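In the two complexes that follow, chain A is the common piece, with chain B as its partner first and chain C second.
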Partner chain A sequence: MPSSASARQASNALIFLGPAILLLFALLVVPIVVDLVVAFTDMAQTVTIGEFTTRQFDKLVRPSKDAWFGFELRGSFYRALSLTAIYVFCTLTIFNITFGLILALTTTALSDRLGAFFRAVWLLPRMSPSVVYGLLWIWVVDPTERGLLNQVLINVFGMEPINMMLDHPMVLIVMANGFIGASIGMLILTSAIRSIPKHLFHAARADGAGPMAITWHIVLPALRWPLSYITVFQTLSLLVSFEYIFLIMGASRSTMTMAMLAYTKTLAPDIGSGQYAYGAAITLILIVIGMATAMFMWRMSNMKALLAKPKIEVQ
Partner chain B sequence: MARVDLQNVTKDWGTAVAVDDISLDLKDGEFVAVLGPSGCGKSTTLFMLAGIYAPSSGDIRFDGARVNDVEARDRNVGIVFQSYALYPNMTVLQNILFPLRFQKVPRTDAEREAREIARLVQIENLLDRRPGQLSGGQQQRVALARALVKKPNLLLLDEPLSNLDATLRLSMRAEIRRIQRELGVTTILVTHDQIEATTMADRIICMNAGRVEQIGTPTDLYRAPETTFVAAFIGSPPINLIDARLAGDTLEIGDKRLRATGAGTEHGGPVKLGLRPEHIREAATGLAATITASEPMGRETLYTADTPIGSLHFLEATSMPRLAPGAKLSLTFDGADSLVFDAATTRLMHGVCAHV
Partner chain C sequence: MTFRSLIAAGLAAATLTGAASPAFAEEITLTLWSRADRSGPLRAGNIVEAAKTLNQMLAASGSDKSVKVELIETNAKGFDADALDVLKAHSVGDTPDIIVAAHEWIGSFVKAGLAANLEEHIAANPSLYDDIIPALWNAVSYKGARYGVPQDGEVRMFFLNNDMLRKAGKSEEFIASLPAKVNAGEFTMADMCTLAAEVKDAGASELGLVHRPNVGPDFQMAMAAFGIDMYNDEEARLQVSKSGLEKYYGWLKTCVDQGAIPADMTSYSWDSVHAAFRGEKAMAKFHGIWNLGAQLEAFGIDPLDKDAYFKKITWINAPAGEKGGTPKNLSHPIVYVVGDTPNKDLAAMLVALASQHVPNTRHAVTTNHTPINYGQMAMPAFQKEGWGLVAGVPLLEYAEFMPNHPRVGQYNAITFQGVQAVETGEMTVDEAVEMVLEELETELGEDVIILD
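Our next item is the complex of A and B:
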């Protein structure tokens, strides 16, 4: 009977898609809605809602006749936005993409065993607990003569000890996040390089191409899609990442990115926390920025075409 | 265009020997097929010639000069791979231009040469397409153009026709042969398809388990296969190989005795008698046979018959099966067509013939 068949189809769809939809709803839609609501309240330490208000956003922007859209960014918010931009851009371009690509290219060029060894070394930071990793960085950049970096600077280069946390805080958090972030790019790109058919390399060698030409003409074109993926994915995850910044720098003004600001104002174990509505407002802006960035990059990298069915027949 | 020499070339990966001490010698402009079952080391041999693998021992020479340590890119060898290995991100024209880029050919000359070679393989109208937009036959022509555009010393074809359908394969066979003659380039074709080898090549190198079984013209390999392996590999349907025992001037097969002639019959012992299906025919007298199966093959019919010397396949040039299973008849063959192999060495005993 057609009706029972269609009912069966519907129940099958529910069984297969149900858990995923439920998970998506519980972990993505609900938090965004909650955030949206809380952002327009006065929720604070007591976790109660007294009134609905736009007061939280007044802490971030103020009305101005000269500015675009009639609003001007307040100092701390402007600072958080620019620090986020620097942090995301530098970590992404220098480490996650460039360094990840270099690691993938060099470790695949080595013998299998040696390549695997180096990849394992670069995976170590990701495998170690965040707190341990953060602590190691704190020891490395310790401003006294005992810090690893300063020992190297003093004993090897005969330089003066430096205080990274004070003088170059952004360099420090970019490096700390980059050394971890590079491994994801490395893994994805390594597997992409490995999946290039061997005979393409053979053909290129027979055609007269050297290692540089093979990298440029054979390998890099094959990495277009994974590189786009890494760019979009890592941009989004860097936008909201704060754990290493917090572990290494604490609630320092010099590295107060958007995500750090939201955390500091709400859950961080410092004075000034517990301003849940304020944190929610910051987070809401971060969500909007994330969505806009994702959509922009989707367009830029033509990811729709990359996700489409390939035109080449698989042999 | 080059002469190619292999001397005692061996390739092993640890304990696995892929190519075991092979020596061969190709004349300038010759078309040679390397024929053998999969895993016999034929592709490995090809890759050693291309410089993609280095031989473990032995020498490879182009025009007398040792090229063992010459990089693939400096050997000026053109290869067509089984999968064509076209660069998916480049257009057809860019694919063909790719080898010229490294020969520092000026752009305008390179483009002229590419278009010339495209005309030769008849793909002038496809130059702006990408490989993904081409059919198998078109991709194969592009691969051929890319291999030929740099005027290689040596053209290597690795199973180039195996991904094409039957009709296309037939026309590409003639096409490749025509282009090869026109350019006079020394060519090595690797294939497991005996028809491909016998129709295209001047000479065939038959390989098995990393060793060369026989080198000769297609006719040599068919008329006088040096080993039972070659006898079984060349010819379709395959040859009948019958266990027998040579004792002076008789050939004992079970209870049946055939007459043996020729020099060397005095060395008796276990042998194998080879009879090609197309050489066995019905006669008034001969081996008493009962048909057990008949298979129409189009132009011919292949019969299987029980005879006193065992089960035999034989061909008859009739499209309609004439004999039904159970039919009784007498079979015979010409002594000159029979092949006798030493069972111990599997080698052909030249001049020894069997007669009904």
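Our next item is the complex of A and C:
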């Protein structure tokens, strides 16, 4: 009977999609709506809403006659935006993509066992608890001669000790996040390289192609989609990541990205937090930036084609 | 009635009386909110003890009521984070009956409807409160009424390592004359850094002067020394002066340039700050009297040997900003706040009992905090073990308190941004002043007065 068939279809849809939709709603839609509402209030330490206002956004921009849209960004906000851009761009391009790709290429070129060993080593940072990883970095870059980096510089290269936290804070957080981020790229790209049919390599070798030519003409074209995916996914996750920045640098001005700014204004301990509406306003802007970036990248990388229905059906 | 129904009736009656009997002896549970803090475990412990005393009194009066204290011990990183947590709990209806808090949060607590007004309670129990040092009441007052009871007092200072001064060639007379010179306004903040740099350059210490690495009350002393009066009492608004900030940040800049203060001081952990002074790497440290215990231990000095301690360490107030000015100090009392709950009268009585001489001295002497009652100083425990506290009391002459303004935490966080920007060399003094004033104006708006 058609009615029972459609009822079954509906119940199947509910069973299969229901949990996912519920999770999506509770973990994504609800927080965004709450954030949207709180951003337009005066909620602070007392966790009460006195009035609805756009005052929080006035803290981020100020009117200016010379500026394009009649307002300009305030110092701390402008700084947070620039630091976020530098942080996301450098971590993504240097580590998550380039380094991830190099790792995937080199470890797949090695014998299976050796490749697996190196991949396991590169997965260690991701597997260790964040606090432990943060502490290890703090020890590595300790400005005294106790720090691992300085021990190497002094004993191996005979150089003066350096203070990364003070002199190169952005390099530090890009590296700390990059060493973790590279492993995701490595895993995805490795599996993509593994899925390239073996006969293509054999044929190429038979035709006299060297390792560089094989990489360029066979491997890289096969990695286009995984690379696009990594770029979009990692950009979005880096935009909102602050965990390692906070663990290593604390609430330092030199690494105050947008996500860090939102965290220090709301929940971070002992640095004038508790300004929930202000933090929500910053987060709201971050959400808008994230959405715009995602859409732009979606368009640029033609991700739609990747997710389109296959033109042939493999039985 | 059959035998079986008789048994059933008997059982039912026994069950009923059994169940009903506890209802006659009413146990009232009071919640006590306190963060787990090594610097004062008896802040909560004394309330628990007070409940025992109160229960003895209730039992003696033939009352069936008894009080039980349920301790909510939090692991917040500091008093600010803890105060935000208690405000969150209050906002969802879980208001604790008693809260151990840093006094400057009283403004926020009153605004949130969390703190009970204790004026009537204090007036009705003069024999329990009349010995409290009057100045301490300022710390719990908000808009003319008292919303808490001071739990302890403290005094902050620059600790100077005499051994390093000697090693750098300073005479005993010079070292002994420092506290008096500071109090007379002859030895200034600038001199402090010059001295620290001199000792460091002479190779007598690895570091000069260390201060706290994060936002906190110590900086208020330094700001006050440069003429910044943080609070306008009449208007009940925070305030800052541009010229004061210029001098204050200018001082920090000079200190860093001289090598007296490490440029990355604000990225130290608390442990490394403590280790710098206690491990005899830094000549001076800017902090508070409760460090005494840990210092005695680190330097291997007998806790009862006052002379050995002062042979090694000198205490001075924050020197004046300019020659001829007055030195500054800051007392940052921790207080008991009574929640505005149905149990507030009972909770206030527990606070009153915990604030008496014997329990308070037990806390003060074991954790190196100054007393809240005048009479405590005469107690044998104070005379014997509390020599450091007795020695700290003269510094209190110059003490001020943090303003009880709901947004003082934000004010401190913003002025600290300037400290970090100047020390790390990210900004010049003028840029930092401009940034801090702009941030204060935008974030605090009407709540801050900006003077020239």
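Here, the second predicted complex is superposed on the first by the 306 of 315 C-alpha atoms of A that agree within 3 Å, B and C clash if a C-alpha of one lies under 4 Å from a C-alpha of the other, contacts with A are read in each partner's own complex, and residues count from 1 in each chain.
The rule we apply is simple: a residue touches a chain if its C-beta (ideal position, glycine included) is under 8 Å from a C-beta of that chain, and two chains touch if they have at least 3 such contacts.
In this text, all values refer to a predicted model and were calculated from it rather than measured experimentally.
Enquirer: May I ask you to name which of chain B and chain C touches more residues of chain A?
Expert: Touching more residues of chain A than the other partner does is C.
Enquirer: Answer with first, second, both or neither: which of chain B and chain C does A:Asp58 touch in the superposed model?
Expert: second
Enquirer: Just to be sure I read the superposition right, which of the two partners does A:Gly290 touch: chain B = first, chain C = second, or both, or neither?
Expert: Neither chain B nor chain C is touched by A:Gly290.
Enquirer: Could you say whether A:His199 touches chain B, chain C, both of them, or neither, answering first, second, both or neither?
Expert: After superposing on A, A:His199 lies in contact with chain B but is clear of chain C.
Enquirer: For A:Pro161, is the partner it touches chain B (first), chain C (second), both, or none of the two (neither)?
Expert: Touch status of A:Pro161: no partner.
Enquirer: For A:Gly115 in the superposed arrangement: first (chain B), second (chain C), both or neither?
Expert: neither
Enquirer: Taking the superposition on A as described, I'd like to know which of chain B and chain C A:Ala213 touches: first, second, both or neither.
Expert: first
Enquirer: Based on the superposed arrangement, let me know which partner A:Pro269 touches: chain B (first), chain C (second), both, or neither?
Expert: A:Pro269 contacts chain C only, not chain B.
Enquirer: For chain A, which residues belong to both interfaces, chain B and chain C?
Expert: The overlap between the chain B and chain C interfaces on chain A is empty, containing no residue.
Enquirer: Inside the complex, what are the residues of chain A that reach chain C?
Expert: 45-48, 55, 58-59, 62, 74-76, 143, 163, 165-166, 249-254, 269-275, 278
Enquirer: Note which residues of chain B are touching chain A in the complex, please.
Expert: Listed in rising order, the residues are 47, 50-52, 71-75, 77-79, 81-83, 85, 87-90, 98-99, 101-103, 130-133, 146, 150, 163.
Enquirer: Write out the stretch or stretches of chain C touching chain A in their complex.
Expert: On the chain C side, the touching residues are 76-78, 80-81, 83-84, 87-88, 90-91, 108, 111-112, 214-216, 263-264, 266-267, 406, 409-414, 416-417, 420-421, 424, 426, 435, 438-439, 442-443, 445.
Enquirer: Within their complex, state which residues of chain A touch chain B.
Expert: Chain A reaches chain B through residues 197, 199-200, 202-210, 213, 217-218, 221-222, 310-313, 315.
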